[in-house]
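Each of the next two complexes has chain A plus one other chain: chain B in the first, chain C in the second.
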Partner chain A sequence: MSADRSTEIDVEALIENADGSESVFEYRPGSTPLHRLNPVTKLVVSVALVLIAFTLPDFWGPLALSVALLALVALAGVAKPVLTIVLAVGTPLALSLVIIQGLFYPENQTVLVAFGVPVIDQLAFYVEGVEFALLILFRLTVLMIALLGTIVTTHPKKLTIALMEKGVSNKIAYVFMAALQFIPQMQSRARAILDAQQARGLDTTANLRSRLRSYVALMAPLLIGTLIATETRALALESRGFTRKGERTYLLDVPDTRLDRTLRWLAVLAVVAVVGWRLWGVVA
Partner chain B sequence: MTRISFENVSWEYRTGEGLAISNVDLDIESGSFIGITGPSDAGKSTFCRLVPGYIPHYFDGDLEGSVRVGGREVSEASIGELAERVGMLFENPFDQLTGASTTVIEEVAFGLENLGLERETIVERSVESLRRVGIEELIDRNPQRLSGGQSQRVALASVLAMAPDVLVLDEPTSQLDPHGAEAVFEIVAGMKDQGYTVIVVSQRLDRLTPHLDRLLVIDEGEIAHDGTPQEVFTTPGVEEVVDVPQSVRIGRRLREEEYVDSGGIPLTVGAAIEELRPQIESAADGGSAATADPVAEVERSANDPRVAFENVHHVYEGV
Partner chain C sequence: MATGSSTRERMGEFTTLAWVLIPVAVGINVVGGTVTNLLRIPIYLDVVGTILLALLAGPLVAAVGGILTNLILGVTRSPTIIPFAVVNAAIALVAGYFAMRGWFRIREGSDYLKLAGVGVIVALTSIVVSLPIVVTLFGGLTGTAPDIVVGVFLAAGFDLVPAVLASQLVIEPIDKIASVVIAYFIAKSVPERYRPSFGQRALSTRSREK
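Up next, the complex of A and B:
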């Protein structure tokens, strides 16, 4: 009876659709082709695209890659979380890059626009500098979209399983998973300590000096508490066979299809081709 | 069947401060329900750590004597091997979760994945463990977002999934609210009937006393008292090291004052009431008992506010 009821449970759907941590880096459930790819494939292709973007000589290549990647994440229905971060990081980056490189890039020659400014006469933006700024910007855009796209379409559990199936040790996979949850845990621990200290009269809103003092008052119990927690956790992990050698099984199946293998090979070939082409250009 | 025996066991942590446990000689029968109590820092946790092999495998120090679990010498088996016989539940409900799972089922299945069992078996055993501790409905919840009581039960389910037959619980409810503590105690009390050997450490034994086969009092690293709860609680001087349950105190006073002269000390509130019933009835026959005037009490507190709330609203930022 009980066995019947257990096997009715679709563990995969249950884990996939569970409520998450509400962070921006959180997995968004879905069933698009991008979601279904093996996580390792997504990682390999992302890294390949980043390498290609950093190898290409002008900004048109990275721009085209960014647009293509954006279309891909839009098709996967995760454009919103990805764009939120890309815009939040990219906008100040774009402004500072264009201003600084446009004005001061050492190879600046061709004036793009010039403004008359009192005292220093005129302020000129140069084509070379702006193009260089765009090159850096779109290289970073490729990096952000590719990695964020991978993160938000991959359940962390599946990523760790895929990595372990490719031979990554379970300790490294654990560190990856635990790191995702470590920050919210530390935050809530810190909040509890701060509340307790404020209740006993610690002033956390005053000038810099007393704030520094309160910082010390926070860090000591936070670190000691974390160390004690680590001891308990180490014992709990040990008791659940964490360091056991031998075969492991996984709660979820993470398929590695022919499409995955093809994509990974194509990604490697593309990197080799682009690097080869650039080297050939240098030699010629 | 898993019998636990301590032969002349002494342990000193490498950090010093003397023997944490000294000359413990003890046999725990398979299937028995053992309570351990005693003052803080008396060596209760050290005793617990000896059974699943955390001492001597994880903690550094000097071990003398022999601890055997089911005929197996603890110092010669690894923690992982012992985990299939002995499960341990810690005090802090949050620290003992793996911190690497997004749902409760992953948390409970963690150990079974490491054992390399079939996926079907893993799911079956995980769900069965959750059912056993009564939290099947939490299966898809994020373990980081549970209350202390829920979290402690997830930890217990994770331990049970490993299918041990000995359970060691080190102050499993001391960090829980009364409701959470009650839920955990209820499950623990039922464990004996399911065939487990249970060793539970607690400073508040009221709730568990009726289920205990045996009560040990550890004081300054030694076993100061060992017997049935009735025997231990009636030993003169025991209240100096043990928090004696209210019902037992009442029973003892009734005997001292010679209102009651026979039978065992009441271990539960229900048994204490039964003992008191004839006294109350005779008191009611004898006339009115003095009671405090409830109206005066209320008036005093209303005119003397220490903390007053008047029409308070508060909304947290960002909600």
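Up next, the complex of A and C:
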């Protein structure tokens, strides 16, 4: 964190290295086209893809979208962090969806596979249930890959600046950034308070009632400590013109190119087209 | 309500203090889950921060905090949490409404029943708002423990909606009553000079200000 003595300081690199690694946002620096897109474009396209995935009627569409998105994040070199979370969240979800819906989906009719099982005689997985499970699963995969792809290729500061340039209030931007910074801080404070209370005789193995009471004993000092710090924080914000109105300049430059505008329009058009196609199918 | 104060004042205002409190409440929501793990408490307690904010700064500020909680969890844990931001906001509005109506002014032992009442209503709100999200977006299953209950009910021949409802009726009321009571005690332990004016009114045990 030492000050850079050279006159030419690469602000961008400085900011990325200063809090990119310890941020809870799993941001991965890079310079691929996906990294260089305007953050708002990435958000708009992600939301559009999610809407499309949830409008498509069977699992093939969301499956194709998931594969395409996976290829895209792989090209951007962020497949590993994205897949880690997708697998961690998706695996239990996939198991419970396929097993429970495959066996018991109310519209089950066609048997896919059947096993002879002791006690209950026979256990059968049905086509309808498995297809429904896959539909839900791949829709959620699209949601996860699209948003995670956006998150890991976008520095949180650039995201907030891009949002503010699009007219989002600086207060919303502040609470978002502050909350992201607070959580790891509060987590380590909570651990410290827990240790301190345990040293004073707090019993974490006692009965449930006293453990609930220790929850308050933990959270109250955490809150009060943070509240006292918030007063200072409010003063610091005020002194930096937090509530002032008018044009602002930002340390980081977030370009918004013609490619960005085109992509955003295409995303909106794609959503309108798919929703229109589905409505047409319902009417006809 | 002849209090003489404007609606804006009664709903809680977006002061700088309120804005600064929002990330704190988000932090409590998120850290609360970790602490329940450390203390091995078998419920979620993941909306304590939202309810606390509703008590201290009113329903609207708390709704912003609730939505933000799910956005943050969406980007740090799993994007599948984002749709449930609606549930968190609904909980904030309901808890904040009852704070406005003075259900958190405890003067005698029997007043604690009011807290339990708020807890039950918050639980019902949570169930009613989350049910359509769980059923339409997730097909009734979320990859967590209550899925087993859903499976049992489906196996017994129930439809999806009643099965999901049953799984939520098991845990929600206990979780939300505990959350409301805990939020109350944490709010009470905040020194009065750090409470926003909404919180001072919602928690004051002095004679009614009507």
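The rule is simple: the second predicted complex is superposed on the first by the 262 of 284 C-alpha atoms of A that agree within 3 Å, B and C clash if a C-alpha of one lies under 4 Å from a C-alpha of the other, contacts with A are read in each partner's own complex, and residues count from 1 in each chain.
In this text, a residue touches a chain if its C-beta (ideal position, glycine included) is under 8 Å from a C-beta of that chain, and two chains touch if they have at least 3 such contacts.
Just so you know, these numbers come straight off a predicted model, no measurement behind them.
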After lining up the shared chain so the two structures overlap, which partner does A:Lys157 touch, if you call chain B first and chain C second: first, second, both or neither? first
Pick one for A:Tyr174: touches chain B only (first), chain C only (second), both, or neither. both
Name the contact category of A:Thr32: first (chain B only), second (chain C only), both, or neither. neither
After lining up the shared chain so the two structures overlap, which partner does A:Phe182 touch, if you call chain B first and chain C second: first, second, both or neither? both
For A:Tyr215 in the superposed arrangement: first (chain B), second (chain C), both or neither? second
Figure out whether A:Leu237 sits in contact with chain B (first) or chain C (second), or with both, or with neither. both
Applying the document's definition of touch, where does A:Thr249 land relative to chain B and chain C: first, second, both, or neither? first
Partner, of chain C and chain B, that touches more residues belonging to chain A: C
Scan A:Phe104 for contacts with chain B and chain C and give back first, second, both or neither. second
Overlap of the chain B and chain C interfaces on chain A comprises residues 174, 178, 181-182, 185, 228, 233-234, 237-238, 242-243
State the interface residues of chain C toward chain A in the complex, per the touch definition above. 14, 16-17, 19-24, 26-28, 30-32, 34-36, 38-42, 45, 48, 52, 64, 68-69, 71-72, 74-80, 82, 137-144, 147, 150-151, 154-155, 159-160, 178, 182, 185-186, 189-191, 194
For chain A, which residues count as touching chain C in their complex? 24-25, 54, 85, 88-97, 99-101, 103-106, 132-133, 135-136, 139-140, 143-144, 147-148, 151, 171-172, 174-176, 178-183, 185-187, 190-191, 194, 204, 208, 211-212, 214-216, 218-220, 222-224, 226-228, 230-231, 233-234, 237-238, 242-243
Within the complex, chain B is touched by chain A residues 2-3, 5-7, 9, 11, 14-15, 17-21, 155-157, 160, 170, 174, 177-178, 181-182, 184-185, 228-229, 232-244, 246-251, 253
Within their complex, state which residues of chain B touch chain A. 52, 54, 58, 79-80, 83, 87-88, 90, 92, 94-103, 105-106, 109-120, 122-124, 127-128, 131, 139-142, 144, 155, 158-159, 162
